[in-house]
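By written order: A, B, C and D. Residues from 1 in each chain.
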Amino acid sequence: MIQMTLIQIDNYGPWTVTPRPRTESDLQMLQANLFADLNNHFGNKKGLVFFTRFDNLLAISNGLDEEDHLRIQRSIRNRYPITISMGVGAAETPHEAQRLATIALQKEGGAQSSKRKEILAIDSLVSEEDSFVQAAHIDINSVTETLTDIESAFDTSFMVNKAQHYLMTKLIKKGALLFFIGGDNFMSPCNGLSEEEIKDMLVEIDEEIGIGLKAGIGRGKNAEDAAYMADIGLEEIRERDNEPWTWVVEKEY
Amino acid sequence: MIQMTLIQIDNYGPWTVTPRPRTESDLQMLQANLFADLNNHFGNKKGLVFFTRFDNLLAISNGLDEEDHLRIQRSIRNRYPITISMGVGAAETPHEAQRLATIALQKEGGAQSSKRKEILAIDSLVSEEDSFVQAAHIDINSVTETLTDIESAFDTSFMVNKAQHYLMTKLIKKGALLFFIGGDNFMSPCNGLSEEEIKDMLVEIDEEIGIGLKAGIGRGKNAEDAAYMADIGLEEIRERDNEPWTWVVEKEY
Amino acid sequence: MIQMTLIQIDNYGPWTVTPRPRTESDLQMLQANLFADLNNHFGNKKGLVFFTRFDNLLAISNGLDEEDHLRIQRSIRNRYPITISMGVGAAETPHEAQRLATIALQKEGGAQSSKRKEILAIDSLVSEEDSFVQAAHIDINSVTETLTDIESAFDTSFMVNKAQHYLMTKLIKKGALLFFIGGDNFMSPCNGLSEEEIKDMLVEIDEEIGIGLKAGIGRGKNAEDAAYMADIGLEEIRERDNEPWTWVVEKEY
Amino acid sequence: MIQMTLIQIDNYGPWTVTPRPRTESDLQMLQANLFADLNNHFGNKKGLVFFTRFDNLLAISNGLDEEDHLRIQRSIRNRYPITISMGVGAAETPHEAQRLATIALQKEGGAQSSKRKEILAIDSLVSEEDSFVQAAHIDINSVTETLTDIESAFDTSFMVNKAQHYLMTKLIKKGALLFFIGGDNFMSPCNGLSEEEIKDMLVEIDEEIGIGLKAGIGRGKNAEDAAYMADIGLEEIRERDNEPWTWVVEKEY
């Protein structure tokens, strides 16, 4: 089972324009610092945070219990002008886990309610024995040669976003998620998806929009191990000149 | 004229997997810290950086000259395990400006060339008199009520990404750019676009995918002023219950 | 028993002047960021880092094992232009613990040896049962009224430094340590010292240099708990108008 | 003339214990982040910030005008749970400059007044023509061999603190300041002091406590240039095997 945490900045929209709109570069710094900081906290426990919307972030949180979450809320409160609420859910698929996490938090009040503050709403936690994460690290083949070094920076980022949109559309139907992690890279928490299903999507996208992708698929007890195994999978594919579409590596404990 | 800077991490792909794949949460922190840091540097001079791909970032840089860029490169070199190269271009449209910036940098070597390091390739700079930035701050109407508070966090982020993909597709054809800036917000550097053209796109997207958008359009001598004016425009729209699609505010000096 | 970790930047002196002296404000940022970051890592495990010399930092590390230390080294390597080595020691007194930690690291090579890199030298670790930290949070009485609001900022900082020098001189003789933690505050890891001994020092300093101090003394299984108990002690003293010199609070588990 | 800025966190003491004492590692992070951030802001304009007391920081601010200071206050307010007030003064000696800066701020209310918030109190600013900074970078000879590699980490830091205390005591009498900048390094803003006077102090300290020091003395229009020249001076001394006590380098424009 995979455990996911939704992190939501409390009543953030109104704050950004009170008493008047705040400088955009400051907001970008605030959001990026918060994201980095959360990754430090979750990463210390072998979790992984995705920036998602920056005001709503999703994390793979297998290995983090209630106290861990409370300590993170406290640390943010002590160092930022904003506070965060969190919802936690565990399920067989990542989509279901984040849905449970979201519902748990929504029950406690709206994102822009001035009354809801620093809620920790736990729907469910994964026990150590049941803990399992499958993550696919998906990467564009030869992005440097075919895009970065010959197209304009924005056109390249447009292609990357296009790939993201197509990947999201397909993965969401299968109960999997997809996050952009920078460069030409995406991470898909995808417990329950078979290697075949993933490969089929990549083939379809290649046919539909001509973007060649590969996926290292990692399996482990937590996000850190699964992501690392996925990276090893990608390296295996690179060593075979991007011939295989996918490569699965499972962590042995 | 608008001036844009492309910031590219030197030879980053190989670094991320040498001697073996680096922990993903560390890479997320590194990228987010670099992004925040660049916004601090550019923001100090009234510029604005967009995360774009994180390894390739685009910035509106009106007001920053050669020395400013060199000082930023030095500060990054002194505090990060990686270095950055930059290209700078100025033009009537943002798309052309970033294209000139990209070409200038590409001429100096590829993104994954181990020989190219800390290049500053300036195609053109904007003089103070010619400096002009138009930026549209585009925002989804009532995202909190219609999505955040009732849909799952991932489904909401899927809708936000969908809006981004449609906006990008339309804006790129007009020489404008589009960047996600968090929440349900996008920023479009769009010198040369009329209010009418922007409104038409928002109407089209509403019809095509049922996502209601509004745009505050700001004009000023630099990114900070233009973005602030755009925010004021958004507030004007909000005060009229999201009735107008767009609102233009021009900074007076 | 208290466990202490010495964190040393590898071969840092030469790096600061290669190929030519690096901008001092950048070095200050680098050092402060590293210090903050280490506190995030150690703090996550209820440890506490003192800036000490910035290039050599001492931490109370009860609760952190070998893997925790290795993960911190990895995270720093992935995000900074420098690497760190560490020594770890455990003993009845803090001074002895840091001495063992230092010796363990010194055995592996000098601080400016270009060969020594990312060493983790563990002399000894504390088991959970033996884990015990006593920390005194020492604070100047009414610094705001008597100094900050009436003397010049530098003259006040001179007085704070003077207090530090006198405290250090006395504590070191008793096997205790002393660190400046900002404002008018000092933290003394002081396992083995009696409340009486601490009070006597404060009385002496008052007589010698006319600076009135108070000390909250906390006891717990780790730095976080001990420091929190010490803060509670300080509040007890404040509630009695700074009448008592010391106040001991012990955490109950 | 040298210009100095006093940066003071508003009403910080009470905040650290409300509603109950905040986790010490979080406070250390907050203070270190603020310090790093201020150095980024001041450093961008060739200024330099010293951590001083962390809740009261002193900066050499030649080159920063009123707007620069206001922008820094705004950026901190947008990203931290605390706000800052500042005082600015200019004078022939650093001590007098920080004294004027302190008085200007003190007039606006106490450091722990809940009414005083985000004050910018400017006593005086330096014009570009009058701008001049002299800074001595003072460093212990062979600290690595004689202390770091053979003594315990705390005993070494005790010696460094002792050197600081003796330096402060002597410099303050001559209208100069002294700040610890990490390692075995100190920076003394010292407009008005002659090379001879500085040398005499170093000789005295060597005789009194047996710590051998050297000083690179730099002169320039701002802190960055002066500090860089001082570093060049230190390198000159090192090339002569620490024979000379001092070395002056003046920046040519």
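What we mean here is this: a residue touches a chain if its C-beta (ideal position, glycine included) is under 8 Å from a C-beta of that chain, and two chains touch if they have at least 3 such contacts.
No experiment lies behind these values; they were computed from the predicted model shown.
Trainee: Through what angle, between 0 and 180°, must chain C be rotated so its C-alpha atoms fit those of chain D, rounded to a multiple of 5?
Mentor: Roughly 180 degrees of rotation.
Trainee: Please identify which chain has its centre, taken as the mean of its CA atoms, farthest from the centre of chain C.
Mentor: Taking each chain's C-alpha mean as its centre, the farthest from chain C is B.
Trainee: Same or different for chain B and chain D, when you check if over half of the residue numbers at their contact belong to both copies?
Mentor: Here the answer is same, because the shared fraction of interface numbers exceeds one half.
Trainee: Can you work out the whole-Å distance between the CA centroids of chain C and chain D?
Mentor: Chain centres of chain C and chain D, defined by C-alpha means, are spaced 22 Å apart.
Trainee: Please tell me the distance, in whole Å, between the geometric centres of chain B and chain D computed from their C-alpha atoms.
Mentor: So the centroids are 36 Å from each other.
Trainee: Averaged over CA atoms, how far is the centre of chain B from the centre of chain C? Could you give it in whole Å?
Mentor: 42
Trainee: What residues in chain C touch two or more of the other chains?
Mentor: Residues 23, 26-27, 29, 33, 40, 43, 75 of chain C touch two or more partner chains.
Trainee: Within their complex, state which residues of chain A touch chain D.
Mentor: Contact set of chain A toward chain D: 22-23, 26-27, 29-30, 33, 74-75, 77-81.
Trainee: Give every residue of chain D touching chain B within the complex, in rising order.
Mentor: 37, 40-41, 43-45, 71, 75
Trainee: Which chain D residues qualify as touching chain C in the complex?
Mentor: Going through chain D, the ones touching chain C are 6, 8, 12-13, 17, 21, 23-29, 31-33, 35-36, 39-40, 42-43, 47-49, 51-56, 58, 95, 98-99, 101-103, 106, 110-112, 144, 148-158, 160-162, 164-165, 168-169, 172, 177, 181-184, 187, 223-224, 227-228, 231-232, 234-235.
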